[in-house]
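So that you can tell them apart, the chains are marked A, B, C, D and E in the order they are listed, and the count of residues begins at 1 in each.
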Amino acid sequence: MTPDLMEAGAQRFEKAAQAAVLGQTESGGRSAGYGRIAKAGEVDTTHGRILYLEDVHVSFDGFKAINGLNLDIAPGELRCIIGPNGAGKTTMMDIITGKTRPDQGSVFFGSTIDLLRHREAEIAALGIGRKFQKPTVFEQLSVFENLELALATDKRVRHSMVFTLTGEEKDRLAEVLTTIHLADSASRQAGLLSHGQKEWLEIGMLLMQDPKLLLLDEPVAGMTDEETARTAELFLTLKGKHSLMVVEHDMSFIRAISEKVTVLCDGSVLAEGTLDEVQADERVIEVYLGR
Amino acid sequence: QETIKVGVLHSLSGTMAISETVLKDVALMAIDEINAKGGVLGKKLEPVVVDPASNWPLFAEKAKQLIDQDKVAAVFGCWTSVSRKSVLPVFEEKNSLLFYPVQYEGEELSKNVFYTGAAPNQQAIPAVEYLMSKDGGSAKRWVLLGTDYVYPRTTNKILRAFLKAKGVKDEDIMEEYTPFGHSDYQTIIANIKKFASAGKKTAVVSTINGDSNVPFYKELGNAGLSAKDVPVVAFSVGEEELRGVDTKPLVGHLAAWNYFMSIKNPANAEFTKKWAAYAKAKNIAGHKDKPLTNDPMEATYIGINMWAQAVAKAKSTDTDKVIAAMAGQTFKAPGGFTSTMDKENHHLHKPVFIGEIKADGQFNVVWKTPGPVVADPWSDYIAENKGKKNVAMAK
Amino acid sequence: MTTQAISPSVALPQAGPLLTRPGWSAFIVALLLVCALAPVLNLLVPEDSAFHLSGYMVGLLGKIMCYAICALAMDLIWGYTGILSLGHGLFFALGGYVMGMYLMRQIGRDGNYKSDLPDFMVFLDWKELPWHWALSDSFFATLLFIVLVPGVVAFVFGYFAFRSRIKGVYFSIITQALTFAALLLFFRNETGMGGNNGFTDFKRILGLPIATPGMRMTLFVVTGLTLLGFYLFARWLVGSKFGRVLQAVRDAESRVMFCGYNPLPYKLTIWTISAVMCGVAGALYVPQVGIINPGEMSTAASIEMAVWAAVGGRATLVGPIAGAFIVNGAKSWLTVAFPEFWLYFLGALFIAVTLWMPQGVVGLVKKLRGGKA
Amino acid sequence: MMRWLRSCCALLCLMGAASVHALTPADALALVEGDGDARIATLNRLAAKPDDQAQALMKALADGAVKVLGQQVLIVADDGSTTDATTGAAVAQNDEAQDVIVNNRMRGALEAALAVRQLFGSDVGAQRDAAKLLQRAAFEEPDATQIPLIEKALAGALDDQARDSLDLALAAMQLAAEDDAKRLSAAKALGEKSRPTLRPLLLQRLEAEANPAVKAALSAALSAIDRQLALGSALSQAFTGISLGSILLLAALGLAITYGLMGVINMAHGELIMIGAYATWAVQVFFRNSLPGLFDWYLLAALPVAFLTSALVGAAMERSVIRFLYGRPLETLLATWGISLVLMQLVRSLFGAQNVGVENPSWMSGNITLLGNLTLPWNRLIIIAFAAAVLLGVTLLIARTRLGLFVRGVTQNRPIASCMGVNTARIDTYAFALGSGIAGLAGCALSQIGNVGPDLGQNYIVDSFMVVVLGGVGQLAGTVYAALGLGLLNKLLEGWTGAVLAKIAVLIFIIVFIQKRPQGIFAMKGRNAEA
Amino acid sequence: MLEVKDVNQYYGGSHILRNVNLRAELGQVTVVLGRNGVGKTTLLKSLMGLVPIKSGGITFNGQPIDKATPYERARAGMGFVPQGREIFARLTVLENLQMGLAYKPGGTPIPAELFELFPVLKQMLGRRGGDLSGGQQQQLAIARALAAGPKLLILDEPTEGIQPNIIKDIGKVIRMLADRGDMAIVLVEQYYDFAEALADQYVVMERGEVIASGPGSEMQAKDIRQLVAI
């Protein structure tokens, strides 16, 4: 450990101890392995994990949608998740983002933040962004305003009343607009976009949000091959700085971006490895890829 | 030709339309009649009808409009006390005239208002006295039942004081209120039964507001509480309200008013006949098939006629002159007595009738005062009124 | 985030000014109408002149301007945030009652009973002022409470409702339940607010007689200025990012959360602002119409506020104001011109607006203009 | 009144056999005019000497069919023909004739006078009524002097029910007997029957009683009555709650379809109820004028008429306005608000602003009395059953039929349903007409318990929405729970706090409950719920 | 079978479809390709009558249908799988399928072969459509459109969100249906390889216009993939 890291660690510890005295622990004082005292607003990735799910279970009216799921993602990793329809991929994202409460299990962001103790907005503010399987944008607002709202900034009421875009932020907006091919439609109402355009806009919003961890549910569904390729490129540039979890059924897309692939089936992990490894896995071929 | 405008300010829509619409019609009939006789001061009366829509602030606005824009000489209108309270400052400010035709709780006297309906002592107190009498069933225990608003509250306050003065104890009085538009009287009726089962003869004094009466009486009838067990005397139930009720189970329950349609005398025969003809001619829904008259209609009719007489006497429509001329005006009312406008307190001297409901929805008069009663708007049964004179003064 | 070069061709939409140039011109005209023309026409032009503005008209316009404030408030919460309140009548009435209490105290001993207590208390058996009347004789406290009472009620109610994520009709219905409960409460004699008669027969405000043309004009001007002020305020609010978040909440609340916004404080803020605006409108209304009673809390009264906003055009700011003037103006005229038929016209107006002017009157005007251009 | 009854009885006993006395004009006049006490004295005198003419006059008086013309007393027959009360001679009708005042006191005396005679008559029904009258009198103010009369009646041929009543009357009178044994057996007899109306008498006796055995028997009788009363009042409270719930349910069921399923915020729902009530009234008027013999069954004819009338109005609303507003629920609020104003005013113009009268048919009037203080009015019982029937019908229709499936499908996704081959326009009209028709049925039921006037609907619209929303929009089962729950809660609180506070408390309960369940009792579960 | 002639369509002021021509024949799969937002979905919606066309004509079986309502078109034998699944979220899977049989007489059974095609549906008959996973919903949407046995099947991106082996199955089904010879199929697809493999005819759209069309066998030769990718 380098001296400055030690220094940083010491400082962090001090602040955390202070916060603990004041009762402001992010983990609520849980002392699971990953439940160390945290400093608010900072994701502790010292364990080499930005996301960690352990033994998660969810059932709906007796149907076990998630069944003993264990998964972790490293900082900067681009993880692909594949698996049959109904395997529980979307449900897993629902759990991570606070939309669904698991019946059992733990979900940590970094090693200190217990996501089960936070609400959707807090989780988003912590730095987890999500693109939904079905594109959801603010239909009555313009494309530009959609992006502006997603912009990472102070999101409290007082601030938003007096908010104006800085030049830098404007540049960011313009850049993202170009990236998502909607520069011409900046002042168009988002509700009037086509399906694919909405998907792009949603990705753009995610980019504006600048999250630490991006959850992308079928990002290239409904895109042409060319656009799919572009998206792959985009994701590859994001990886490293951000952690990504991508759910897709498009194998060529997965091939273009993947390093590590997890196969989910019936609510738990069926296989994990490089794309070639899992593609060779008989069970994966059986339930998912087909012969 | 020059006309004299008069305002008619009754709700033709909203919750009060049910009661007030017919007052507008009877006012128009009275005006037609006066015009047929040549009008007043040689001029025809021109009615200005507006609809304040059962909305109290709108009453004030419409009153202003009638006075300011239309320059009416007098306004005939209002039913609820709150509507009157709403317009009162307008009439006082503009020094204009309002004729108010409905029985009310008193506690008010304005120089600019003539009250042609009953004050509590012209309705409520005689009714209770009657029930205490042998003929009324010698009631000893009392249920004061009303809709939760000012008229019932005040009336019941006066009645409670009156009953106490007559030696009735507090435990022999039950006071119950229901919200406006209440339509489920099961519990209340059960409570009345319970209260009545304590042995002593019980009577109910109902100040239930018009709309809730039908469900109340229907429940009463079906629960088998007959007039012989527990008589109910009501102050807001007249011929119009009973139109909506199957009256067979209610025979014998009572109402107190200053007029009943069933009163037999030539003046009333003429009045009811005129009304029937008018309703037919004007195609007034409901009344064209089954013409009914009631107390506030009579009061409206008296009010307009007295005002016309007063204008004729004063030879002017000037408010102050008309007020002066109103004092002591008399009119041969359909109720069979000559009603006199009090010289001072702006209320009519009115006879009081007590009627029992008949199977046909009319009232059988079982008791009446020997002659007209002078109104006591500042009831002596309210302590704060001690020493208050029943004299209307400008404020 | 990406390292791509910024393409210079991207033209970002500019944030608009508070008002456009014609907007400012119209605003100034309105300001002049309220502050100069109306007083002159009412007070200086002789009564028999064709240009005289009658006292009745002043009262009517004043009343409608109060309604316009309500419509504006309604629009902020409904048009922009997508929360339909069927309970704004309550806030209006609360503001009105606070003002009414003050005005009742101003009567002093000039009431019927020459008592320190308001008349209704005297004859309904109150022996002393109930606790909630404590500061009612102070004008300053009254001003404070006009804002605080509706504000706090709205805040507390809103906090719990929004925290429980009550949405859509569920929210609408509980606001209706709230108003209805308050209506019943205020009807009761025990509440000490004058029962169904409420408060009337006001005599003075700030010690000055209330029923004079001068005072009436003063109230009119104050109301007009308040309306214009609220209009600017609302403009600023919806033009800010705050306003856009509100619209985003309306369109997709869960997405807003996933963008990192906590919708609760946003909804609560606009809800409370809207309630306070209604309260202020109520407080201005009472001295002008001369009565406040629980009728203002009836469900129909609250629904009507929504109707004004819808007729004028939701999610625009001029719309609700126009709507309040159109509906109430029509009502005032029709109840006199066609006392027996006016409900047909009004009913038909509502139906016609929904069928043929989904964007309200403002939307229609825009369309006509757009068509020509 | 009871005193007069007693004196009649006594007199009757003394007289034994009837001697015939003709009714004199003076007596007749004294019976119909003058001061109450004097008239009643005359009545007793006449009643004591049963005479056919006097009897006829008394009966006519009780029926309110007597007039006076100067000094002449006239009896008016049903057909309007008039006869002289004393001579029986026909008299020409004369408008000058005055109605005779018969007040409650007089009416009571008349009934008693007529009743006692009937105790010894042969008409079983009259006998029973007379015995009941005597029993009541005995409970209120037992008078030992009547014992001989009762014993005499009991000795004669008597209907069983009448005998029961008289037995109890006798026991009540014997409670004050000198003989301890007699008192004891009387107390026991009364204890067995435990009639709540006995309570005041028992209390009174208990105070006066010295003998411990009798005292114990009296207390036992009292506590039996109290137990019964407690049970009765609990059951009665439950009944009133269920009854209110059934009304709420009926009012809300139609809305559960038009709003819950179709998403139309139908502010004119109340007016559709009102139209159903007016349709019922119209059918009633028709029966009264054209089919008086079948009048009692008008309600059965009114049901389909009310349903169809409201359904047609609903269909017209849907075709002309609402269909253009699907997917814009809040706009439907505005438009239907306008429609409701128009409908109300239309009814005012057509039928007048005042209420119209709807009578209960005879089979819906009156009540059955259980446990003394548990009276169940027929109209309420029948409405509860009716509500259950309508609920069953609607449930089956929605859940089990193709029409129901299409309605649900169309209301969820109109364009796609039409791509599946569903004639969405027609289904929409049917569904809205169905909801409206059910509102009409509710109006028909409500006409039997409350006002029928232009404002009828306004009283139910708020409650209907509360019920549907509290139950969970689109959840029929939730609507049922909400209606019954609110009905019971309201009645429970009302017994406790009075009607006004109860209503306030119920509203606050709704507010709080929604906090706990932001989607109503039966929240839509699953992932689509938030969409 | 289906013939689209010079169809023009607008949303408000913007011209979405410009003189589009298209034919679909029995036993053939006609593939429509094009980038996002070029108007493919709009074209299909016009075919179903969900959006009105401004000018041009559509005939089905020789009958002009441009004035017909969607349900009349469905009854005439057009089946539709919309983009974004659009299943009835609050109806069960079974009820969704029954909706697919809406214009058949009551009591018509759901064809058993649907369950062979999509076994997962059989397991989930009682579950609400909205609770299904995205891919399950897509399968349901296809099954629903097939239930009544349409003569023309219109599919808008049916592979979106579906797992690879089922995509293959869907491809086989489409091929099989076409090969039976009693059904015409119009397929909008972004998944180029899938589209190319199935296409008997192809149409490429760009900004609301048809810019290329021809028999499927020529796609490779003409490098249509490049055309779509621009």
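In this text, a contact is a pair of C-beta atoms (placed from the backbone, for glycine too) under 8 Å apart; a residue touches a chain by one contact, two chains touch by 3 or more.
Labels paired with UniProt names: A = Urea ABC transporter ATP-binding protein UrtD; C = Urea ABC transporter permease subunit UrtC; D = Urea ABC transporter permease subunit UrtB; E = Urea ABC transporter ATP-binding subunit UrtE.
Just so it is clear, the model here is predicted, and its values are computed rather than measured.
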{"item": "Minimum number of chain-to-chain touching steps separating chain C from chain E", "value": "2"}
{"item": "Common touching chains of chain D and chain B", "value": "C"}
{"item": "Chain with minimal offset from the mean of all protein Cα atoms", "value": "C"}
{"item": "Euclidean distance of C-alpha centroids - chain B vs chain E, Å", "value": "74"}
{"item": "Inter-chain centre distance, chain A versus chain C - centres from mean C-alpha coordinates, in Å", "value": "44"}
{"item": "Averaged-CA centre spacing for the pair chain C and chain B, given as whole angstrom", "value": "36"}
{"item": "Centroid spacing, where centroids are CA-atom means, of chain A and chain D in whole angstrom", "value": "66"}
{"item": "Junction residues of chain A, two or more chains touched", "value": "60"}
{"item": "Where chain C touches two or more other chains, by residue", "value": "184, 187-188, 254, 340, 343"}
{"item": "Set of chain D residues in contact with two or more other chains", "value": "344-345, 349, 458, 500, 503, 526-527"}
{"item": "Sites on chain D touched by chain C in the complex", "value": "265, 267, 321, 324-325, 328, 330-335, 337-342, 344-346, 349, 458, 462, 465-466, 469-470, 473, 500, 503-504, 507-508, 510-511, 514-516, 518-520, 530"}
{"item": "Sites on chain A touched by chain C in the complex", "value": "97, 99, 119-122, 124-125, 129-130, 132, 136-142, 144-145, 148-150, 152, 155-157, 160-165, 170-179, 183, 186-187, 205, 207, 209-210, 234, 237-238, 241"}
{"item": "Footprint of chain E on chain D - complex, ascending", "value": "402, 405-406, 408-409, 412-413, 415-425, 474, 524, 526-528, 531"}
{"item": "Residues of chain E touching chain A in the complex", "value": "11, 35-37, 41, 83-84, 120, 127, 131-136, 138-139, 157, 160-169, 190-192, 225, 228-230"}
{"item": "Contact set on chain C toward chain B in their complex", "value": "54-56, 59-60, 63, 110, 112-113, 115, 119-120, 122-125, 184, 187-189, 194-198, 200-202, 211, 285, 289-291, 293, 295, 331-332, 335-336, 339-340, 342-343"}
